[in-house]
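Following this line, the structures themselves.
Both complexes below contain chain A, partnered by chain B and then by chain C.
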Partner chain A sequence: MSNRTTVLRLAMLAAALGGATTALAQTADRGCIELKTVAEVQETYVDARGNEATRLVPAAKVVPGDEVIWTIVANNVCTTPAGDIAITNPVPEHMRYVGSSAFGPGSQIVFSLDGNTFAAPDALVVAEADGTRRTARADEYSAIRWVLPRPMGPSESMMVRYRATVL
Partner chain B sequence: MFTKLTSWSLSRDTRQRVLLVTFACCAASPAAVHAVGTAAGTNITSAATVEYSIGGTSATITSNTTTLAVAELINVTIALQSPTISVAAGAPNKALLFLVTNTGNGLEKFSLTGESVLVGDDFDPTPAAPFIYFDSDGSGDLSPADAPYVAGSNDPQLAADSGVGVLLVNNIPAGLADGGYGRSQLTATSTTGTGAPGTVLAGLGNGGVDAVIGSSGGQVARLGSYQVGDILLSAVKSQAVQDPFGGSQPIPGATITYQIVVTTTGTGTALGAAFKDPIPASTTYVAGSLRLNGATLTDPIDGDVGSFELGPARVAVSLGDLTTATGPQTIDFRVTIN
Partner chain C sequence: MITRTLFRPRAALIAVAAIGWSLGASAQLTPAGTSITNRATVNYSVGGLAQAPIESSPTGNTTPGAGLGTSTAFVVDNRVDLTVAEVGATATTTTPGTVNAFLRYTVLNTGNSPQGYAFTLAEEVTGSTFPAGNDDADFGLGSLVVRVDDGDGIFNAGDTATAIDTLNAGQTATVYVVSPSVPLTLLNGNRTNIRLQARVARPGTAGGTLETESVGANNPTQVEVVFADAGRDATESAVDQFVIQSAAITVTKSQNVLDDGFTTVNARAIPNALVEYTIGVTNTGLSPATGLAISDPIPTTTTFQTGLYAGGTDIAITGGLLPTCVAETPTDVNTDGCFRNGTGDLIVGAAALGSIAPAGAVTVKFTVRIK
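So, the complex of A and B:
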C-alpha cells in the first residue's frame, strides 16, 4: 500500500470517526490541528453468514478487566503543512496500558514513566527498592507519545491507537 | 477449632474421644487478595494533546475529553476453608467453613442457600436448624457467638473485595460405615441479579449505574465434605523437672520438659489432627525447644508443622492425617519456671 493510499484511508477513517476534514484555515485560538479521542471496545457478533466476527463499537460503559481501544485522530485543517508533530496521551487513570498495543503508521512511538520524559521501551529503567535496576514493564507506562518525523500536509490526517485495560 | 488436647484434659482423660481433630487452616479473612478493580460509578477520562509547529511557531492543542463510566461488575467467589472433616456417625452440629467474597467492584448483597442432598457421595448429612451461620467470632467453627443466617433478613452485604465467613452446619446420621463421604454445598447468589456473563442489568448497579454480570454469572456454589471415621486419639502427657542445682525441685529457674505422646486407635483417619498446648502460667517457653518425634520444629509459623504463638502463649503442632498405621506421635518442649 502506498503512502498516498494510507493517507487517504486514514482520512476516510477520520471522517468515519466524526472528525470533519475541512481544508479551511482556522483562527489562531482553534489551531491548525484538530484532535479527536475515541474509546471503543471489541465486540464479537455473528455475521449474516452465521460466522463469529469482531467489530469495534463505542465504549459506553466498561467493567474492570475490559480492554478499551483508544484511537486519536489528528487532522491538519490549515492550508499550510504542520511540522514537529507529537501526539501525547496519558494512560488514563484506572487503566493499564497493554504492552505492544500502541501503533501509529509512520510515527515513532515513545513512552514515559513520569509523564514528562519519553524514551523507547528499552531505555526506560526502573530502580527497585533494593537498588537494582531493570527495564520498565509496559504496565508501568504512564503516557504514550507518537512523533511524526515528517510534516503533515494540508487536509492530511493521521491516526494513532493503543489499548488499555480497566483496572 | 482445634480440639483441645491440653495438659489438663489429657491428664484427667488419657483416652479422649476426638470427634473432630481437624483444624481450620485459615480464619475467615476479608484480607484475601483479589485485584478487585476500579469502583463502580468511577468515570475514566482521557484526552490527548498534539504539539506542532507552523512557520516556526509552536502550538499545543488538546482533544475532546472522552469519558467512560465504570459499571458495577457482579462477581462472587466461595472458598472452602475446612479440610474434609472427620466425623463420628451420629455426631451433631458439624460445621463446614466457607469464605464468601465479593469479587465485583461495588457494594453487593448476596443470598445464601445450603444443600446436603447431593449425588456423588456416600451419605447425606442432615442440615441442622438453623443450617447456615455466619462465623461471627472468626473462630472457624460453630460457637455461641455465631449469628444464624436468615434469608432476606441478614443477607450479607459485602463491599468490593471483602468477604464473610459462613458455616454450613449438618448433623451426621447414625449407623454410617467408616470411610463414607457426605457432602454439603453452599450457594451464594447476587440479589441484584444473575445471568450469563456479560448480561447488562440497566440501572441496577450501585448509584444507578448499569450492572454487568461477571464470569461467575452472579452465583457460585461450593462443596464441602465430611468423612466418617471411628477413630480415637489419645494423648499422654508427662513432665520432668531439672533445677539449676542439679536436682528436680520446681523452683524458679528450673526447667520443665513436657512430653506428650499422641496415639491413634480404631478405624478410619483422623484428618488434619492438630495438637495445641498452652504454656502454663508462671513459666516461660524455652525458644526453639519444640520437637516432634525428636526432630526440632522452628518457632515461627512457617514451612514446618510446629509453631510457638503468643496471645496466649502456646505451642501448636499439625500432625496431619493420622491412622493407626501412623504410630505414636511424640511431642516435647521445655519451659522455665519464672
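So, the complex of A and C:
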C-alpha cells in the first residue's frame, strides 16, 4: 500500500473516531467551494456528417491499459472571492499518471512523489539504488496539485484535468 | 476566467499515440472487479483566512472536512485476452503405430480475470509450412484429442481434462494434442500441421460456457467483459506439426547364373543350371527397421538348393544378424529365422536379418537349380 493511501485512511479514521463532534460542526457549515471529480474515457464515434470524432463518456467500461480522464471542477458558491486556491489530487491506486496530460487554465501545476512535497517536474529527483540521481519520470508522480495564482470571484469556476492509465 | 474549457481531442490523440502503453506478458494487470476511487481536495482562503479544505464528490461537495467528500469511482472491467503458443518451435517426430504421440502447446491468460478455455482442432492443409514442409499426411483429425496438463508439465495418464476449467490471470497452462495411435499408413517424412484454437470460456464451467462480450449500457459499478485479443473474438490459436520418422524399406532382387553345366563364365539359364538370387533390403528412412521378414516364393520351375553356403548352410546373409542360415521345411526348427513353408515360399526372418539401421542394408543370397 502506498504512503499516500495510508495517510488518507488515517485521516478518514481520525474523522470517523475522534473528530466526530468537529465533523458534525463542519457539516453544518457550507464551504465556499463546491468541488466535483468526474471520471471519463474518450470514445471514438462517427458524427452526423460521417466523420470520425471523439467525445468523453462516463468511465463505465474500463479495462487495464485504458486511459481515464479525470476532471475536477471547482465552483465558488459564495458571494465573496476565494483566494489561495490549490486543488490536490492523488493519482488513484492501480493507475499511472500520463506524462504532460495535466492541464488547468491559468494555474501552475506541480507534482509530488510522496504526496506531501510538491514541485515542478524538473525539481523532482529520484535517487537510484546505486546512488545516482535523476529527474523523476511522469509515471512516478503520486499526486498532482493545481495552484491558482489569483482569486476566484463569486460564481466563478475553474476546471482542471489529467489523464491516467489503468495498470 | 475560463469557466468551460473544451477538452482538445486532437492533442489527446497525439498524446495517446506517443505514450504507446503496452501490456507485456509479465505485466500485472489490475484484477477485474477492482474499484478505482479518486477524491480531490481544494484548499483556499476567504478574506485572507485559510478555510477548512473541501473534498470532492462525483456531483459536487461543499461540506468542508477530511473524509466528508465522496470518492468518484469505477470498477475495472474484465479484459479478456490470451496467448496460444506452440512449444519448442520444432515439429514433433513420431513413428507409425506410436501410442499417444502428442504436440505441446501453451495457453497464457493475458487478461485480468480468471477464465476457462474450450478447444477445437483443425488440420492446416494449406497455408502453413510450420516449421518446414507442407501438410501431406492424414493423421485422422477426428481421432486426435486435446488433453490439458494436470500441472506436472508431463503428458501422462493424469491429464484427462479436455478443456481448461479455470486459469488465473497471468498464468500459463500446457495443452497437448494427442494422437492415440499414429496411423500405420503414414510414410517416412510425412507431415501434418495441427492448429489448436482456444476460445475463452467462463471460469468454472470446464470450457462449457463460452465467455460473451457485454452489450448495452455500461455500468461503472459492474464488471463488464471486453474482448481485447487480436480480432476481439476471445479466440487465439497456434500451429504445431507431427512429422513421421519411420523406416523406409527398398527391396531389390537380382539373379546370376553360376553354372549351366558347361561353363561358369557367362553361364546360360538353361535347364539344370544353378541360379543364385540376391535380395537387397535397404532402409532409406530415419528410424531403424525392425521385425523384418523376407518372403520369396521359389519359382515352381526351379528347385531350392541346400548346403551350398559356408558350413553347409542354405542361405548367405551380409549385414544381418547371422552370416548364414538353414532353410528347413516346413517350419523353422532351429529358430534361426529361415525356413521354407508348406507352399514352398522361402522365409528369411528377423532372427537372421536383425534390424536395419537408417541408411543400412542387408543382402540375402540363395541358389536354385532350373528344372
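In the analysis below, the second predicted complex is superposed on the first by the 139 of 167 C-alpha atoms of A that agree within 3 Å, B and C clash if a C-alpha of one lies under 4 Å from a C-alpha of the other, contacts with A are read in each partner's own complex, and residues count from 1 in each chain.
To be clear about the criterion, a residue touches a chain if its C-beta (ideal position, glycine included) is under 8 Å from a C-beta of that chain, and two chains touch if they have at least 3 such contacts.
These numbers were taken from a predicted model, which means no experiment stands behind them.
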| item | value |
| --- | --- |
| Combined model on chain A: chain C and chain B, fit or clash | clash |
| First (chain B), second (chain C), both or neither touched by A:E156 | second |
| Touching partner for A:G31 - first (chain B), second (chain C), both, neither | both |
| Touching partner for A:E67 - first (chain B), second (chain C), both, neither | second |
| A:P105 touches, of chain B and chain C: first, second, both or neither? | second |
| First (chain B), second (chain C), both or neither touched by A:L113 | neither |
| Partner chain in contact with A:A53 - chain B first, chain C second, else both or neither | second |
| Chain A residues touched by each partner, larger count belonging to chain B or chain C | C |
| Chain B versus chain C as contact partner of A:C78, first or second or both or neither | both |
| 5-13, 167-175, 239-247 or 275-283: stretch of chain B that collides with chain C | 167-175 |
| Contact residues common to both interfaces of chain A (with chain B and with chain C) | 31-39, 59-65, 68, 70, 72, 74, 78, 80-90, 92-95, 152, 166-167 |
| In the complex, chain C residues that touch chain A | 1-5, 7, 9, 12-13, 15-16, 19, 21-23, 27-30, 32, 34, 36-48, 50-52, 54-69, 71-79, 112, 214, 217-220, 224, 226, 228 |
| Residues on chain B engaged by chain A in the complex (per definition of touch) | 35-38, 42, 44-55, 58-59, 61-66, 68-73, 105, 200, 209-210, 212, 214 |
| Residues of chain A defined as touching chain B within the complex | 31-39, 59-65, 68, 70, 72, 74, 78, 80-90, 92-95, 152, 166-167 |
| Interface residues, chain A side, partner chain C - complex | 8, 11-12, 14-16, 19, 22-23, 26-27, 29-39, 42, 53-56, 58-65, 67-70, 72-75, 77-78, 80-90, 92-95, 98-101, 105-106, 152-153, 156-159, 161, 163, 165-167 |
